[in-house]
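Chain IDs A, B, C and D follow the sequence of writing; residue 1 opens each chain.
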């Protein structure tokens, strides 16, 4: 089988290699992967910025979808022919994240999904909603589950602030709409804001034109502020996010696109009873619950662009350029 | 002013009377009521079946909408001209119900909304979403808030079973759709099921044709059962409701149309980890949260029929006949 | 190895037999069991009353403790020498119960703990708090975890009503005290009530002397009723439990000692906003959280009597007689 | 009556003045205050650092206890002779904090408790547990309720990290023990750590001797970190607090003793699934729930020192010096 390997921490040292075909042991399934999708974490991993201690060579990417082609003894959850996604942390089935569970994360430390074949424990797979293509299904495991987790507690009539039009934010937009919430979204591009509105955003703010966007968010939210900010920007945005949220509201802190360290005004948190909640994808149970919603509403993930496996480097470079709208997919 | 009074516990002893116009004290608002809506509880109250110890004469009905026409000292929450609903239990603003809070329920023990004028504490009022007529707004305080409370915890992709097409069930249908849930509904009438489907129900079951509807519900819910049953039938339906719900699911028990005493199989509860949750309307905070959802989605309550004040007895008889679809309203 | 087998559904057909020693496969541990404890469910299982379709022969009992004596490949959670308990449903690690997870319950459908040796998946084991004997540890998996689950949401200052002095109720008493709650307990025996007081119960009610105990409970709870009833009696007690609980309180419904079918007054549930919550043991995560509490407070389970393996029938008969206070243990 | 007034923003401009005795209106109670307690917020208020826009003159302090001496029409919650505390935000009865509710906070913007007589709405009072002195009761409204709120979700067996020995931290210590939790506490003084151990702390860390206390906390918490940090230090401690908490744990952010702005490492939040929860005292419902716990366990607040009203300035200076252990009280 062919697979993509990181042999050293740079895009230059990522290569397509031949590896022997794996075989499923007891309780395992062999999956022929058809598509993988990229997350910002995958780019950081290849660059050695996510975890420079990772053992190489490593097959990158946590997200992928494919078809079960063989099963080992005792497998009851899936059958050959089933279309499946692998879950982000293979042993995180339910409950809270733990170090032990996260040690089973695909794309580091475990080999990931940029491979033609892979063996997974049957517990580490979920079935794909029927209406999705393989490319669409491949976008779900990290970005969509993260967005779903970030939206927990949001109900119809609530207002959610989203930042930018990357994979997580666009999933958060689509899923927030399923939950009946109102979405305000920021971007540097009026064209992207227009596309976000087509997907259901009520309001768009061009942060280039409105650098003090927090004031505009509050105004659009009726003065009190939004119920939830899905914070993806980090140091560059957290201050205004804290100004945008209502008393008693939540900042779901997902990751950082710009700077690991932020200077924050603590009274904005404790005087406002605000909750800053770190979000770390979610367990299989959340993935399955989200899939029920996706299936019921026939939601289609937004794919920015699909690259063939041979152009995998271009896919990572496209992620690095940051101009995408939705998910970047590699067809395998 | 004119008001409807219960002078003895029967429809025969309900009459339209003249009472002196009230005036607002400190912290109070005088409201000119434009419409009231009926709940089954109001019929039971008139008949003396709800609480035979209630002091008479009493103005019936908990639900109404109108316009603030005057305010007392220190009123800041509303202004003359505001369109408002009175809340079900006037002192239940947030938190759990208590006996003390419920002693402030309109339509018994406090005078209710079938009156041209009434004085309410400013804390006991909520503003009406702009897109609603007075008749529509008058349907919200008891039935819609009850449905909203019953749906707490329901999220996109969940499946909800509703029973019949009375006021609470039709609100639960509309609100469950806002939350992204899938609705299965039962009725004795194919025509009503067709109307429920127009409102967004995914499936309808005619319980005349399918008396063993629990089996059909499970089938429609993919074998495992539904996440929530909004139980309004009582003794006549609870057994099948317990058979319809999934392991770990919820039965929201709202009231009883048929029999106060039910024989239930306890293992259906504890072997299935089922929760039977008694539901008692909700506080003002829930009403306000629901109104945000109603306003955002421009939801219009379903009104079965509007009666003029003079025909108030006919309105109660129509409620008693039980053939309505949605809410019964009295224009004042 | 020796094991107890149910060969037919009666105590007469339970026997001690020789079986070949099992060996651990990948991810599994071999455990030498030192003690098992009985639950009412185990007696019903032997009598064919719990699930008459169970495949025989079967090793009964879900609860046991022992020592890891060998491990298979890839085992990291336990090492030889570790003292462990097996969890009730072997694949229920976290999250909600599901049919699939419950199919891994020990003592039916899977072979249980009344055996000298058994092989468990490493995920199905928890470590024993150091201060406990094997007999004490063997009491935890079903009864203590059930009590812990039933008490979720209880906090310091709350009042809990317990029924009788069986294994679950005595654990609920001890654990409720750790949580800072006040306990009222019922029994038919003044002597047992005295022992319950020694364990921290604030009040005891002899239900023989006070058959209308609900009134007395309300009085002791200051008129409003208790926050939680841990209901173990079923048909014989549920009516008074519903009268004992406060508005907005909870009945944790655990199982039935007396009658599967109860006639209940529905208004007691919906007019009081009461929650009736079916309880089904709990996942490994709950067991581990409980063990942290047991270890911190050096709590010792209350053992009614320890039987040698040879007298296992007498142990079951003792359970059937119903006069025990705390847990019945079999030493292996 | 005599009262303390802030006439300008400095301790120098705080004076004891004569004001006319107030009289209760409808729904109100007149309370003869016997004791008030100080919070750091009160000191900041006097110094003009909390809210320099506050209208003066103002009677400072949110916390006080006394006796109802007269009631207005329609008062049912209290009677003359009742011993009561005023609640922090007079209109925050239940539910979430809102701007409107917080505008009713005592000691700014409303007149506070450093006065011989005050009129409160009956809804803004709670009864004092019988076993408490007036001085003890006066310590509860802000500090104890804040600690109670911060501990929500903590259960028996959990580990809590507390910082220093000020009023909130010592209440958190006492209340965490009632909940069955284990407490690790930091201080600059071995003597204070010894006193904290007497109150039930399991471990004390002298942060002078161990400036890198986070490492020690993790070690004491078994390597994974604590379940909850009650963060009172602000900029000086937040970094180490984030290093001390377990994956999925909580930082309850209460206020800042040292610096409003902190530089924080965001990955410590999102890679660890940590929740940073701003805490803002709590509603009357929380106060009442806490009082049930305090009464059941006969908990006595820890009073550092009681000052007579005449020495009120010394009391504020003592607060400013920061060496106290527990609460500072003024007898009125």
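Methods note: a residue touches a chain if its C-beta (ideal position, glycine included) is under 8 Å from a C-beta of that chain, and two chains touch if they have at least 3 such contacts.
Every value quoted in this text rests on a predicted model; they were computed, and no experiment measured them.
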For this session: Kindly list the shared contact partners of subunit A and subunit D, in label order.
Result: B, C
Exercise. Is the number of contacting C-beta pairs greater for B-C or for A-B?
Worked result: B-C
Problem set entry | Inter-centroid spacing, subunit B versus subunit A (mean Cα positions, whole Å) | 40
Problem set entry | Contacts with two or more other chains, residues of subunit D listed in rising order | 96
Exercise. Which part of subunit B faces subunit A closely enough to touch in the complex?
Worked result: 155-158, 175, 178-180, 182, 289-297
Exercise. Inside the complex, what are the residues of subunit D that reach subunit A?
Worked result: 96-99, 224, 234-235, 238, 247-248, 253-256, 260-267, 269-280
For this session: Mind listing the subunit C positions that touch subunit A in their complex?
Result: 25-26, 93-96, 283, 285
